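Each of the next two complexes has chain A plus one more chain, namely chain B in the first and chain C in the second.
What follows is the complex of A and B.
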């Protein structure tokens, strides 16, 4: 009797026992940090009261304040306008590359090219930027754009672009540095679209395509009139998912340009005008030690993130979020 | 008929312009990495000349830049390995347990939890870095050498776990219920069933998740760069990052050799289990 009851209790708690390591780590790595970000953005935590705060979370050396938000919204930080512009340029341009360019690229790879080996080889080559360690990827670009030693300027000159249009430094001369930022992230991001789209194209039933051939359609027409319309859900998925991850991602910019513009003056992101919103938050925290203000800047991204994810669930529903690359009739 | 020819031509032009020509930089970069690592200089950026092993000197002696001597590569490589293995170990352990529970057990809040995991997966974790920094400080995991590396491993694992759990759950879902029921009928408990009946069947999933999280830990840059200040606990990504600043324009050969050294595990793993990893990428791409 007791044994039976015990086993019943066990059946009830067993799922949670199995889940407990996951829940614990999730709280440690996600939930506490989110709460802390909210809390910190209402404080004036900086280098001067940092140690006191670490020793005692409720020390009175750390004040509750709204200054961070005043500074952000009421023009207390004039540079923020530039940051916003750069971010818009960054997210917008990389998004076009990742969602639309990679759509056509995927159709090329998964539909126009029938040879399985060539198709796989191309797919692997496109994946390389994503799987490389970011630091090595940054090294490769450092070499590639080097005006004397690298290949980029030579390639451009060989297709007839006059020397006067080429920058002396791709890293530092603003319109070029921003173009570089877009390329560096675009190559990584293009494979995201490619993975989703190629899987989706492969899942299109061949009957549909065959019917079109029987009606005399060429492959080019099939791609334009059948495949692209069928990929509208995967496209929407790629656009929305990438919007959020691009807004928050600065890893590659940090790896190439450094944090920069702060007291240590190690990085050149600000001089190169590639300071995006998330990197600015990073710089404020780890170069200028203004943890409170930096958290407030991050908090905007947390808000946007939560709002967008809520929106995704509304638009896609659970099932489509799970299987973005399935072409489902609706 | 003319229209046909035009369409075929258009098709190949599209293939070339969108899928092949943009790959030139990527291919060139990789060729350069290999060529430059074994040569003193490269002709036309890509053809090796003056073959030498001098670029690989970091394998037997510490790298020097002026008066500064950078740490020896082997302890640094060991740190990277340690970080990657710890991340992989934690992720595999936690995600197999969680994935099993989500796939096989019925409890209140199960579907809510699954939605929460997907939401976490979509949420870009990197913006929480400041709070994580404070948190590490507060729990005493900051500035303490290997303990800090452990802290980074815990966070990194925590961030990988939503995706990993989801993938493992998919593998569990694919096992027929009957197999499990048979074990129950034979008198095995949950734990016993899990260990000796289920686990062997999801080994491919575990393999995929462990390779994936190993590579994530191996490549980790931002957190190590931000949290590790003591040279003794550098990982390869940070060492190479600082050396790029030091040797750019001066010694591309050294940088290429180090970069290649650092990338070898990635290339090996990706080469051997490319199919498996692609599957994961489809199921859970992060960025």
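What follows is the complex of A and C.
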């Protein structure tokens, strides 16, 4: 109806009028930078040759090189293997932690706890880590794990675990520091799953649940045999998006292991063995000022992201990818 | 019985959370000497001295900076996305699926992969305060636009067209229909988005540190000025932290339902 009244010309132009502000922003802050990142990854730009590079750039004399990629793939940077390992551990473990944790949390919040006030209070508290700036969240963890006055060691001591079994520093001793990394990110990530699952559980038609009750199913059977199977798509969705966002995320690791910033902090991340891929790229750019190499490292994340999203389009189809929290027909 | 276990587990985890947070607020109300000798739970000589000191040491300016950035970074992407979502939802548009593929694709590009060129561009371009603010606001806006568009598009598609058609028959043009009919109807969705975007932008540390000189830092970045590994002034640090979290937490406590709706409807993990 609306369409028919528009003149032909206007109909041609209108979409572009609607589109242009967004396209302008996107080109300025996404597309152009990504192209530049690709460009930079073929150069040896660093702080040392920065001014020379800018001059070369404007006079078209930039020297292109494959050095960065050789360094990455041909073993020029032996530490990269460790980074890859840590990243795999990080993404895999946080995903598993989240999947179980947020599922249990959301089923108990949205289904088992009938008291609306308690359920809301739990949800509010549960989301606190997501609402807080990472810097403050990191500060809370620092307090919690401090070996001298932290709550964690006091709690463990009160349960009867002797001092000798505890690590001298939760922050620095590798297996524990990695566990800490998983917990810290897991808590924040779990709240995303909790929200999606809660919305999905609420959208399950009540007649399905009532039919089960009439047939004599207990609450636990309903949760196990009806709710969890119906959460199949939302679960797959959450895992998919979190894989992407975990690959790209380093803020919380930086905030906890790099408090104060600077090379001092990043040194700690390396010693604690929590250096993930994106943090490594950050370190190369912001601490070692090797912009070219840092671009090449970060470019890998773009490739992985695009490959994954292609896969997700195949798995989910367009509609499911756009409306995550609805229980759509299977 | 099983329900009891679930509830107990849930509460324990949550209490482990809430206690450190309360600790931060308590510590901010006492002097560093008391906190480090007796612990934050002592609650002796409660005063607002730390807040006064922190605010007078530039944190008041940081709060103002934070609000300027957030205001811009909420208004611009919502305006751009509302326009786009309306256009795509209501007009036949040949490139629609290409556009949405682009929007989803943009979400997968990590911040770290775009920030290096932006950092370099920032170094080359002369900087002054207004330009710096504009720069960071535009970058945040671009970061928000894809998911906001998808969210608003979903919202609009679920909305019946009757109002718009009625408005059209009564003589409103496309623009009038958008501003006087569609936007008011979208108000709850826009509110949810504004909230999530607020929290997102308020949290950001990377762009703030990259694009702004220290005197223009928003609260989240300014807190790091009080972090010291060797001689922490707990009073100042906790007061600054409290100021940095109080705005998002109050906002969230008032409107947590909208917040969760926004997370559930968008694609932002």
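One rule holds in what follows: the second predicted complex is superposed on the first by the 296 of 330 C-alpha atoms of A that agree within 3 Å, B and C clash if a C-alpha of one lies under 4 Å from a C-alpha of the other, contacts with A are read in each partner's own complex, and residues count from 1 in each chain.
Note that a residue touches a chain if its C-beta (ideal position, glycine included) is under 8 Å from a C-beta of that chain, and two chains touch if they have at least 3 such contacts.
Computed from a predicted model, the values in this text were never measured in an experiment.
Superposition of the two complexes onto chain A shows a clash between chain B and chain C. Contacts of A:209 after superposition on the shared chain: neither chain B nor chain C is touched. Looking at the shared chain after the overlay, A:89 reaches neither chain B nor chain C.
Contact with neither chain B nor chain C is seen for A:228 once the two complexes are overlaid on the shared chain.
Contacts of A:154 after superposition: chain B is touched, whereas chain C is not reached. In the superposition on chain A, A:109 makes contact with both chain B and chain C. Applying the stated contact rule after C-alpha superposition, one finds that A:179 touches neither chain B nor chain C. Once the two complexes are overlaid on the shared chain, A:80 sits clear of chain B and of chain C alike. Judged by the touch definition given at the top, the superposed model places A:236 against neither chain B nor chain C. In the three-chain superposition model, chain A touches both chain B and chain C at residues 14-15, 18-19, 21-22, 25-26, 28-30, 32-34, 36-37, 40, 45, 54, 104-105, 108-109, 112-113, 122-129, 131-136, 139-140, 143-144, 149, 151, 189, 192, 195-196, 199, 219-220, 241-242, 244-245, 247-251, 255, 278, 281-282, 285, 291, 294-295, 298, 301-302, 305-306, 308-309, 313, 318, 321-322, 325. Those residues of chain B that touch chain A in the complex are listed here as 3-4, 7-8, 10-12, 14-15, 18-20, 22-30, 32-33, 36, 44-46, 90, 93-95, 97-98, 100-102, 105-107, 110, 113-115, 118-120, 122-135, 137-138, 154-155, 157-159, 161-162, 165, 190, 215, 218-219, 221-222, 225-226, 236-238, 240-241, 244, 248-249, 252, 255-256, 259, 262-263, 266, 270, 274, 277-278, 281-282, 285-287. Interface of chain A with chain B (complex): residues 12, 14-16, 18-19, 21-22, 25-26, 28-30, 32-34, 36-37, 40, 45, 53-54, 57, 101, 104-105, 107-109, 112-113, 122-129, 131-136, 138-144, 146, 149-152, 154-155, 187-189, 192, 195-196, 199, 218-221, 241-242, 244-245, 247-251, 254-255, 278, 281-282, 285-286, 291, 294-295, 298, 301-302, 305-306, 308-309, 312-313, 318, 321-322, 325. Taken together, the chain A residues at the contact with chain C in this complex read 1-3, 5-6, 11, 14-15, 17-19, 21-22, 25-26, 28-30, 32-34, 36-37, 40, 45, 50, 54, 104-105, 108-109, 112-113, 120, 122-136, 139-140, 143-144, 149, 151, 189, 192, 195-196, 198-199, 219-220, 238, 241-242, 244-245, 247-251, 255, 259-261, 264, 278, 281-282, 285, 291, 294-295, 298-299, 301-302, 305-306, 308-309, 313, 318, 321-325. On chain C, the positions that touch chain A within their shared complex are 2-3, 6-7, 9-11, 14, 16-21, 23-24, 39, 76-77, 79-81, 83-84, 86-88, 90-93, 95, 97, 99-102, 104-120, 123-124, 138-139, 141-143, 145-146, 149-150, 153-154, 161, 164-165, 168, 174, 177, 199, 202-203, 205-206, 209, 219-220, 223-224, 227-229, 237, 241, 244-245, 248-249, 252-253, 256, 259-261, 263-265, 267, 269.
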